[in-house]
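Here it is: the structure, laid out below.
First chain written, first letter: the chains are A, B, C, D, E and F, and each begins at residue 1.
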């Protein structure tokens, strides 16, 4: 723990510095990505990854868009969908131009544990037949698959800011956050050759840290900076149309097969096992959230069941390529209870207005899952043992990964939010908030 | 016919008895599934089956959830979605723990034609690289694919009970029904080595008996036990939002490609042909339902077109891997007419309140399809000839399969419904029914 | 240009003549399709094409159905969904029986550049193991994939006629239009051995001409023939529920991966590159439409973002297998601006009532994309160079293809619309239009 | 003539309408409203939190009747809409100066 | 002052509003209601069954006017909303004791 | 007794209700309406076109009160609903002849 805390302290300061340093460095670096061993194209793997990419895009639009839109009041439904839709469009362009190269090339020198280089700037050099190094699929497909992850992460964090954030500021924030938070953390965890956390041996199969902890923590920071919704605690914020939320949760569930099983990058037994544990954890978490709510509140709510499912999906994400069915079931059981507490007890206890529970579900669930990955990992599935197979160290490594993610994300996100708030303003005016974002920001309303 | 009726009589009594016997037996049995021949993993087949699994899950959530939710009154929309969603979560867990092993392992001794054994209890022994015996795909993927079938079947039958069944009772019923009806019928039909109907030679490519007749018959029994909706025949039960129903029907249609073409367990020409006949039958059935309604009621309704499509999908399901394009077209044509009658004439004639026509469409359509499979089966496609190719016996075999399914399902479902009704109660109170299930069961309402 | 204009003039007259000639000819012709080289079945390609087929069907139902339904007034929502749904059912049957054979067999003699022959009438001779000539996938899968294109094209054009066209007339029109416009243009462009435009060397990877220009032009002709909506310009036609439109646009986006990457007919690097440029163009176009609207109208509308995305998808369609990432980005940027103008400036300038902008987005975007394909085509990706690689002629060839499509489509569509209008009537009565098509045509309304 | 406004529980609408038909009332107009009164609001669950819904869904019925029918109509509504539970609603009666049937131009009692 | 309530067919709203603007009416309030009357209800198809919809969608317009304008307003509504077909609706006029404009506190005729 | 109808801006509902509770008003009925008046309509964007929305969403509150409370209620509404901006709405007061509580049959002031 001592060693770890030193690492963390070092990182806290490194985060902001490196983030501002990389631009110059990266631009100067043009060497190609490390030469890969020479596997050949596997069309079956490619077929599955093309499919997975479509599935993960489906998660954000319309999945997440609907999940969130269903939880807000009627006057904010379109604006909430627009947040997901706008982020999808923006991150698409950013990722193609610069995000991908900074996240998934090896990088050079001192910044290489945190950022890649510019060798794929504007996807330069990525030909039709280029394979992603070390894989059997075209680099274009890998780039696209990863793009869908880069899209959903900022879209998730907006949940914490629902009903009050300016669309323009959100677009600016997303740009900065993608490049200064998402990209480096993706690089740290998933750039196998150079990434900091990859080298430490942190296990994160499909994005427990990169996507969920990251989105949850940034959301928490954001809702603290932006403040509570007008009327919080006094007005009835009951969701306008939970049918949308349930459609959204369903599409998230279905699309998550691409997210987790797709993260195998191949259509083999490990992908199959990842799909299996994903399903088991999700079903279990939905059941436990329902059960807990049934006991405590006398009725199992539809939103509760949906939230439970998402909690299970989140928690199994880092574990999905590493654990077996029983591990998956247990992770789901735990996630249902812990995230219920995150979205209810914890939130009400601390009194922040994490509107749609980005932190309560994704932050809390992501942390739970990342830790339990270290407990339930099975060597025969993902090549690494967890605590239950005697590898106690793995739990510590997972904790280190979580802490690095939290610290980096919290520090840089805070700076970004604050800078935007002081310059262009993060929040709509009180009148706009009362009038509803649909009309005030987009000039449209739902008429029926 | 004599031989058949004897078989049936025997089965009627066997159903209840065996159903209660298997627990003890199965638990005592731990021998592994029969050793399979040794095909190797095919990643292309696996890619297609991973995709198919996602597609079939999409059918239930949000597909079926929306199809049904669109047909109820506004006050029951969320509760209707919750029925599909809750069943999805519950069956996921049950299937992983015990459903799969009882359905798809060979079993032992006298119960083996009806139930498997416990060798895959908690999916024990299903490693990352284990293939499903006789297939080229990981057992995990096969188990998942089959899980999605086990999920949709109870979700379908609830349509008959819409607007009045208690959520808690439904969860209990689902548990019992999955293990005592779905599992044995799936085993009988699809456990190639030991299943009763499989040995008889009953053709059911993707679940005409296991899924549709099963759901339809159980639904019919259920709506007879639970009684009519309050206000049936006097109040206007017009669907609140048929847009939901049409989205749902569309997703069912798209997802059904996974259901039928996926049932090939491989991505070859047979899968392609299954997809082809699925599409042709569905288009044809939607056209005939519309046409009939246009003639009889002067207007082709949107719900009619959607119902016709579902009728076609249902009827082609057992036939999909066995018939050719023309057979598919004819099955669709017939299904559109017959199910129109099932959901209108038959229902009104007999006066039961099959609220969303689980029996009228899935029961009637499933029976139609299972019989016509025996007529139109083409040796060159599925290896078995039907009546048109001179194999008259196949029609009888199909009828036997249908009767066994109906009898087993009706008897055990009836007992289950009755037991639950007498103990915890199957139906909400009259006040709750008037107030709407959304609020009374889940504490939520749709606000706009 | 001289040579081209001669070709065009010839075609203008040929269109109507040939269209009426082919029936007799085609029926007399029964020779089999040209013998193909002998590739063998590739299960990976097949897996991807099965998936792509599902994705493209998803585009029409529920994708396009929702996109359009979200833009109309509440009283027409169900009727609008029914247009897509009814067309899906009808074209399915037509395509299986006669559409496919006329589009994708080689044909004979003088009509062979325009139509195929009858060798696949009722899909005769298409066995389980028949491969599509020159491909590695079963012909059944190719036929199905192409069917989904034949479905979406007429469904797209209805957007121009929204809120006022009779359902019966639409079904009749669709039948005629499929066989006399869609089929010949698909044959001209995609029948590699004999198609007129294919021989000229026109590049259209996934349907810029066949689908989008075709639908856009027919829509424009249709809205001119049918006239403006009652109340156009004086009443508020604000869309009832743009949430539907955004769900629809999202599903179009996701499904379009099947449309474009699927058009590779194989799951290799070209498919990956097609997916990549599709995504980049779409993101870029959504961003530019938003930006332009933000500048001009002060607010970026949700419908604008969705329309921009669709514009990008349309424009990249012909280019998708031929251009690289930067080309894709630029095509998207241009499409966002040009289609914004098409759906706003151009329409208002000329004063026609292209209700949901089939021409403004699909026509204008399709033309833009088809031309830019000739500019940005990269030899290393699709085997043909564009203007930027020095092949100036390609731009002219593209223009020829566009003109042939426009002329054929406009002439035959006009005749069809006029004939139907004079006989059965194209438009509902004024009372029906005021009452709403949901109730007046289908006897249903949305109740909440 | 009298203008009668009744606020009732939604599920009582059909019974009230039938009772009024029995009295020969030929027309009425109905709208969805939200009521605030003695009846305690429902409680909705939202992610574990409970929200008291202070406004309850009610149905408002408006009926123009001739003076002599007014009392009977009020009684009929009261009988049909009564459940004995809090929140059953209110009946408000005021004077109506004039009635016109748009279709024919008929006035007052003839227009009802 | 008078309080005028008119029940009209939905698609007549725009015409009525224009007619009233022509008379100098500066404000009015509109709501969606369901009407029950002589007009036969529509019939909806539902899985082959037919349901008579006894309540028809109508628009309710409320207008407070000065006494001298009341007659003209009623006439204008009657003209604009008339189709001659059953179900055209009714106009109800009653006395209005007092009007206040919230923004300014102006009262009665000045508040209209 | 008096029947008070107030048209207010939607987001003022909670404040108005609280003000009325303070006066001891035990019940009221609320509905969603669309208002047409001096306040300029919003403009919606639709595919680059702009549509003026002439009708604005408003809330209509109906309250039956005893004669002596009427003035206070009107004042309270005016205070609570006032923003000083155009479109704040109106208060209409008319005579109420009779009130019945459906549950108990109590009449007039006792029924409020």
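Criterion: contacts are C-beta pairs under 8 Å (C-beta built on N, C-alpha and C of every residue); 3 or more make two chains touch, one makes a residue touch a chain.
Fair warning: this is a prediction, and the values are worked out from it, not measured in the lab.
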Cα-superposition angle relating the copies subunit B and subunit A, to nearest 5°: 120
Of the pairs C-F, A-F or B-E, which one shares over half of its contact pairs with B-D? A-F
Comparing A-F with B-E, the busier interface by C-beta pairs is B-E
Measure off the straight-line distance from the CA centroid of subunit A to the CA centroid of subunit D, and report it in whole Å. 52
Just how far, in Å, is the C-alpha centre of subunit C from the one of subunit A? 36
As a quick test, compute the distance in whole Å between the mean CA positions of subunit C and subunit E. 46
Could you check subunit D for residues that touch two or more other chains and list them? 31, 44-46, 54, 94-95
Where subunit B touches two or more other chains, by residue: 42-44, 47-48, 51, 238-239, 297, 299, 301, 303, 442-446, 448
According to the definition already given, which pairs of chains are in contact? A-B, A-C, A-D, A-F, B-C, B-D, B-E, C-E, C-F, D-E, D-F, E-F
The subunit B residues in contact with subunit E across the complex are 236-239, 293, 296-297, 299, 301, 303-304, 307, 340, 343-345, 348, 357, 360
In the complex, the residues of subunit B that touch subunit A are 41-44, 46-48, 50-51, 53-54, 57-58, 61-62, 65-66, 69, 77-79, 81-82, 85-86, 88-93, 96-97, 122-123, 126-130, 137-141, 143-144, 147, 167, 244, 438, 441-448
With touch defined as at the start, can you tell me which subunit F residues reach subunit C in the complex? 44-54
State the interface residues of subunit F toward subunit D in the complex, per the touch definition above. 3, 17, 26-31, 62, 64, 94-103, 105, 111
Spell out the residues on subunit B that touch subunit D in their complex, using ranges where they run on. 235, 434-435, 439, 442-445
